[in-house]
Every structure is written in structure tokens, then in C-alpha cells.
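After this come two complexes, each holding subunit A, first together with subunit B and then together with subunit C.
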Partner chain A sequence: MDRVPIIKVGKYLLATIQTDVQDHVAVALQEDLAARIIAARARLVLLDISALQIVDSFIGRMIADISGIARLLDAEVIVVGMQPAVAITLVELGLTLSGVRTALNVERALAMAGIRDQA
Partner chain B sequence: MTRDAVGRLPINSSSDILSARQRVREAAARLGFDQFDQVQLATGVSEIGREMVAAGGGELELWISPSRPRRLVIRAKNAALGADSRDASPGVVAARRLIGPPFDGEMDEQAWTFSRLLPKSATLDQVVEALSVGATDPYSEVSRQDAELLRLLEEARRRDGELESVNRELEETNRGVLALYAELDDKAESVRLMSDERSRFMSDVTHELQTPLSSILALCRLLLTQAEGSLGGDQAKQIGYIQKSAQDLLDFVSDLLDLAKVQAGKVAFRSAPFEVVDVFGALRGMFRPLSADANVPLMFQSADIPTMETDENKVTHILRNLISNALKFTEQGEIRISATHEPETDEVVFTVADTGVGIPAADLSRIFDEFVQLDSRRGRRERSSGLGLPLSRKLAGLMGGSITVESELGVGSKFTLRLPRTYAPNVQSVAGSIGYVLVVDDDHISRYVAKEQLERLGWRVIEAADGELALKLAQEAECRAIVLDLVMPGMSGFEVLERLGADPGTAAIPVVVRTSLPVNEIDTARVARAVAVFSKSDDSMRSLVDLLAASTERSPSPAAKNDQR
Partner chain C sequence: MGVPERLTVALRTQDDVVVLRQRVREQAVALCFSLLDQTKIVTAASELGRNAVAYAGGGEAMIEPSLNSGRVGLALTVTDHGPGIPNVEDAMRPGFTTGGGLGLGLSGTRRLVHEFDLRSEVGRGTIVRILRWK
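And now, the complex of A and B:
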């Protein structure tokens, strides 16, 4: 897999990492998302990592970076569907991804976004 | 478990890191680690892998500790790692946290080790399997498969080449075979030509032999039956001998020719209805003097046989051969000739059984071969060509029948001839009336013989030596019948026949063809207009006379009736 597909759903962008990815794919995702956020004037990005089994320090940092970049572009990233083992491992690694919002699934992520929109 | 059972994972790039963590996760799963442990181990490997790539690459080794409790040991080898940098880098710290402590027995300068207790459920088989899984990474696997594919492609291409060359070889062989075929065709053609040549030669020679022989025979007959009767007793006897010898010679020539014709497949049938009783009657008459000489009686038996419809001449010919053979080899006893009809197959079965010397079993299959004469304690009583039986069998075959033989040495032989009762019918009827008979023949002796015979019966005969004259006479004279030779210089008999048919004034005149050509050989279509075709060499004069007489109230003279060869 060379690229992580990014789909526009209404006002949101949905990026689904479907398998373990190489570093350069993660870097490409970071760039692609930034470009798409601007092109689509999206305010919300759902990053679905439910299929991702291994998140090491590099990938973890990438996710945190994507979140930071999006925030600077007036969009919010919600990381969806992190596996429990991944969460534990990230904590072990000392990566708490502070500032990154997470949701257990896409439905709850949209609910979170809906609350935000109402506010 | 020893150090040898080790999985090795090269770590030189980020793609190596990806495959290493996936392999390690898979290996961990096989070793029975739970999902959380699998993720931890894989992530730890990923962390240490990054450290190794940053430090110039290296290799990961996986093994199981030899001592109990068993531990999974992951050893990261990197030549560039200095001892003082140990445990300092964040990757190593993370891996230490995720995988586990260093393995006791393995402290060395250029590697880190990490170890984790195996789950209690891990079996030896699982360990071996897990390590072997760890030994391959998907990228090297893919490139190995690529290489394999390339090798297979190369192989396929080579096979293609081989096939092509085999194909080429086959094509060449094929061309060779075709050339051989062409050669064979040429050979077959030349053999066919030679065979035709031989047939033509045979028929020419025989024709040349038969004509004078026929004349000799006819003259002998004339002399012997001549009322002018100036022959002394001795002279009559001598002429009788001449006649006998000439007849033998003619028979031989005829047999030879018949056989040649049968072999060449040039046999025509003149099928007509006839009674077996009549055939037997003729045979009885023919053999009476011979069987009387030999003191061996011929017994003819025929049950109620329906009318046969096939070539009577050929049936007679075969039976004549069989009977004369039987006579030659039988000194005492009798010869039984019988005929029965088998309604189921509609076949007529003739048998000729003798009480002669018999035939040795070993020779039974040979007697139908040409020119075979079996040695016998008995001397030959008569000259024989050795052609009789082969010819008979071939003739029987042509009529759709067969000849078989049973024999017992010293007891006798039994020949069985089976023939279909009917063959393709080809009936010719005779029509005509009394008056002049025009005899057309270039050979004046033949003409003379015919004239003598016919005049003795009261016919008036006019002669023509060639076709032109024959046509002229046929138009002018009041011809009731024409006796026509076929082979003549100038206009041939065929042409005369054709022109007679074309002229309304002569078309109605019945024509009897009397030729020295073998009847078998004549193209029946060309003589279809003739009411009958006879061979000069055959017993033809009597038949001719009978035929002509059949259209008058006159009966043939007694002399003609008894005229037999």
C-alpha cells in the first residue's frame, strides 16, 4: 500500500489506515491530509486506525503530528478505533498523544463532532 | 533447543523494519503469546529496528534459550554499535521496556539482547515452526518468488525454444515422409505400368498362340468328321493325337491367361440362369472317356437345386478343374460330385470327394498357390500346369463364393465349392432368322472353319475379310446374321459393330462376336449390341452353331452336338 485513501464524506474527511504501513506511507498521509483539508475546507478529519495492530514511536508521533497540523489548519482530527493493545503499548512507550481526540468508533466520532457543531 | 535453531531477519531499511515486526508478531502468535504480548513484542522489534537502521543496519536473531525456563531471545546485531552507547538510545530503552531484560548468557560487545518468558503452553513444535516463520520476511519472500517466476519464465522460454526446434525437426521429418510418399507413388505408378505392360504382353502372346491353335483344332475336327472320308485308320489316329495335344496346349494357354486376367481384375461376368443338373450333364459327358480310362466312376448327385443365376462357364470351369484333379490322384474307388442348396444363405454347395492319395496336412495351405505341384509317390498321369486350383479359387471368389479342402492322407480329399445361388443378372437373349450368314474375319483359316461348319448345317455363308467389305455386304446382301471378329487390321470389329448399329438398314441384324480375344477382357459396353460373344479358343463353334440354330427350326447336326474338346 503506497497511499492511505482519503474519502470526503459530507463536510468531513475520512482516512482509513487499512494495514500496517511503512514509514513513508505515514509521511505521505501527513502531507496528503494537509492538502485535502485545505482543498475541501474540511473542519473535521476522522482517522480510522482500527485495522492498525502495531503503532510504534514513529507512527505514534506521526498521528500526533497530523493532529497538530490539522489544528493549525482549523480542523480537528479524531482518531477512531484504536486497539486496546495499541493503546497500552503507546503508554508503555511514553506516547500519550496529548491533544489528540479519540473515539471508539466512527458513530461516536460523528456524535462528538455534532456536539461540537452545535456548540 | 540450541542456538542453531535460529531465525534471522536482516534490518537495513524501513521496509525491513515493517517485515521484521510483522514476522515477529506472527512468530509470537505461534508461540502462544496473547494479542497484547504480540503487539508489545512487535512494537519493541520495530523500535530496536529503527535504532539499527539509524546506526547503519544489522541483523535480528531470534532463538529460544537452551535453559529452563525457556525464553524467547531477540538479539540485535549491529557492527557500528559502541559498548558505551548501550541502553542510552531511546529506541533501546523502548525495546527494553516492551520486550524484556537482556538475556543473561548473551552479553557481547556488538549486540543487544532482549528476552521474554515463553508462555507455558508453548510446545517444541510450535517453537520450531515459529522460528522458521520468523526466518522469512515478505519482501525477500516476494523477491524470492519473483526470482522463481523469472526462472520459470526463463524455463518456459527455453521449453518454447525446445518445442520450436522439435517442431522444426518434425516438420523436416514430415517433409521427408512426404518426399518418401511421392517416391512411393512414383514406384507404385511404375509398378502399375509394368503390371499393365505385363498384362498387355500376356494377352498379346496368348492371342497369337490361341489363333493358330484354334485353327489347328478346328481343322482336326473337320478332318475327323469329314464325310469325304479319305483318311486311313492310322491317319485318323494321328490326327486325333494332334487334336489332343493342341487341345492340351490351348487349355494351358487359356489357364495362364485366365489367371493373369483374374489377377489383373479384368474379369467380366456373363450371368445367366441355368440348372445345376445341366452342368452335371455336361461334365458327365466331358469326363466319361477319362473316367472310363481311369476305371474310376464319377457319381453325380444333386438334390432339388433351384435354378442358379451366375456365370455358368465359370462354375463349369471350376468343377472341371476339381474333377480332373480328383481323377489325376485317384487310382481306385470313386469320385462323388454332389450339389446341395442351403436355403438360409441361399448358397449352392458343390463337393468333389475322391478316394485318392490325399494331401498331407502341411501342404493343404499350399495347393492354392500358383505353379505348386505336390510331390507324389504316384507319377503324373497327365501334364498339369499347377494353375487349376489357384484359378478356381480366384474364380470362386469373384462369384462371391469360396473353395475349401479337407483331406486325409491315403483316404481321399474333399473339395467344397460354395457359391451364392444368384449373381448380378445379365441376361442376353438371342433373336434372328434364317438366311445368309455373313462371316467377317481377317484370318482366312478362321473364316474357312466357320464357313464349313455353318454350311454343313445348311446356312448360306458369305465372307468378308475386312470391316469395309463387311459393311457393304451387310447393306446389300440379305443377311440374317453376322459372325464378327473383333481384331482386324483397318476397321476393327468394334467399329463395324458400331456402324452396323448406326445404319437403320443393318441395325436389326443379330451379330455374334467370335473373337480370339479372351471374352473376359472385352469391354462389354462396346459389344453390348452383339447378341453373344464367343471366344474362338473356347468351345465356341458348337455354341455358335447352337445359337444360330436356336433361331431356326433346324436342329444342329449330330456332329456339332458331339463336338467336344
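And now, the complex of A and C:
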């Protein structure tokens, strides 16, 4: 996989990281998302990482950076579906992702963002 | 899958780091590590593998089960022939970085494992051995 797929769903963007990603794929995702936020005039990005079995310091930094980039572009990122073992390991690693919003699943992320009745 | 044997993974590219993560995961599963223990040792392996590829021009990882007086663990030794680390104490401090990272790699890796041994010689390379017990 060379690119993380980003789809537009109603007013928001959904990026789903499917499997173990190489570093350059994660870096490409930053650029792709920034471009798509502008093109789609999206205010909300859901970053689904439920398929990710590990998040190390590099991927953790990428997630924090994506969140920061989106904020500068007047959009918000909600990280969806982090696995419990990943959360525990990240904190032990020293990364708390304190500026990043998270939700347990897409439904809760949409409720958090105040989006309902999206086709 | 029976008792895992020692195996090596060459580390040259980012692809190899992905392979390393997969091999460490398989070995941890074969040793019946819990999901959390698997996640910790795979994450630690990823940090060390990336360091070797990104900062030392590549290296080699050796994965070996450790069966010691009834205890079961998984050890990983990552060897590179890169520039070495001039000041290991600095490098182990959280937040220390020479690259673009957060500087959590080595200090964070140490927190994810039970044993951590780093030897480095400037101009010759670095060897890091980690072990996590089940």
C-alpha cells in the first residue's frame, strides 16, 4: 500500500489506515490530507486507526502533526478506534498525544463533532 | 508452529522494518505472549529497526526466544555499523534527538522492555539488545 485512502462522506473526510504502514506512506498521508481538506472544504477529518496493531514514536508524531496541520487549515481531526494495547504502549513510550481528539468509533466521533443524518 | 528459533532480518529499507515488525509479532505469538506484551515488544522493535535504517545506513536484527529457568522471553539484538552514538547518556534522555523525531525512541524503548543493553562505538556502530519476558 502506497497511499492511505481518503474518502469524502457528506461533509467530512474519512481516512482509514488499513495495515502496517511504512514511514513514507504516513508522510504522504499528511500532504494528501492537507490537500483534500482544502479541495473538499472539509471541517472534520476522521482518522481511523482501528486496524493499526502498533503505533511507534514516528507514527505517533505523524498523528499529532496531522492533527496540528488540520487545525491550521480550519479543520479538526478525530482519531478513531485506537486499540487498547496501542494506547497503553504509547503512554509507556512517553507519547500521550495530548492535543489530539480521539473517539472509540466513527459513530461517537460524529456525535462528538455534532454531525447527524449524514447520508 | 513449534518453539521459535533464532532468526535474522536484514535492515536496509523501511520495508525491512515492516518485515521486522511482522517477524517479531510472529515470534511473540508463537511464545504465547499476551496481546499487550506483543504490542510492546513489536513497538520496541520498530523503534530500534527505524534507528538502524534512518541513522546508521542499515544493519541487522536477530530475534531469539529466551527460555531461562522456566521463564519465557523474546530477545532482539539490532546491530549497525553506522556512526555510533557519541554520548549514550544524552541519547537515552527523553526528548534528546539529532533527527526530526521526538527523541522518544531510545528512552521509550527502554520503558517497553525488561532488559535493555546499548553498546556504541563512534565510527564503528551500535548494538542494542532488548528482552521482554512474558
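Quick note on the criterion: the second predicted complex is superposed on the first by the 114 of 119 C-alpha atoms of A that agree within 3 Å, B and C clash if a C-alpha of one lies under 4 Å from a C-alpha of the other, contacts with A are read in each partner's own complex, and residues count from 1 in each chain.
Keep this in mind: a contact is a pair of C-beta atoms (placed from the backbone, for glycine too) under 8 Å apart; a residue touches a chain by one contact, two chains touch by 3 or more.
What you see is a predicted model, and the numbers here were worked out from it, not measured in a lab.
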Using the superposition on subunit A, decide if subunit B and subunit C clash or fit.
clash
Quick check for you: in the superposed arrangement, does A:Leu93 touch first (subunit B), second (subunit C), both or neither?
both
In the superposed arrangement, which partner chain does A:Gln30 touch: subunit B (first), subunit C (second), both, or neither?
neither
Contact-wise, after the overlay, does A:Ala85 reach subunit B, subunit C, both or neither (first, second, both, neither)?
both
State whether A:Ile54 touches subunit B only (first), subunit C only (second), both chains, or neither.
both
In the superposed arrangement, what residues of subunit A touch both subunit B and subunit C?
20, 22-24, 53-58, 83-86, 88-89, 92-94
What residues on subunit C touch subunit A, complex-wise?
14-15, 17-18, 21-22, 25, 35-36, 38-40, 42-43, 46-47, 50, 94, 101-102, 104-105, 107-109, 111-112
In their complex, what parts of subunit B are in touch with subunit A?
14-15, 17-18, 21-22, 25, 35-36, 38-40, 42-43, 46-47, 50, 90-91, 94, 97-98
Note which residues of subunit A are touching subunit B in the complex, please.
20-24, 53-58, 83-86, 88-89, 92-94
Along subunit A, where are the residues that touch subunit C in the complex?
20, 22-24, 53-58, 60-61, 83-86, 88-89, 92-95
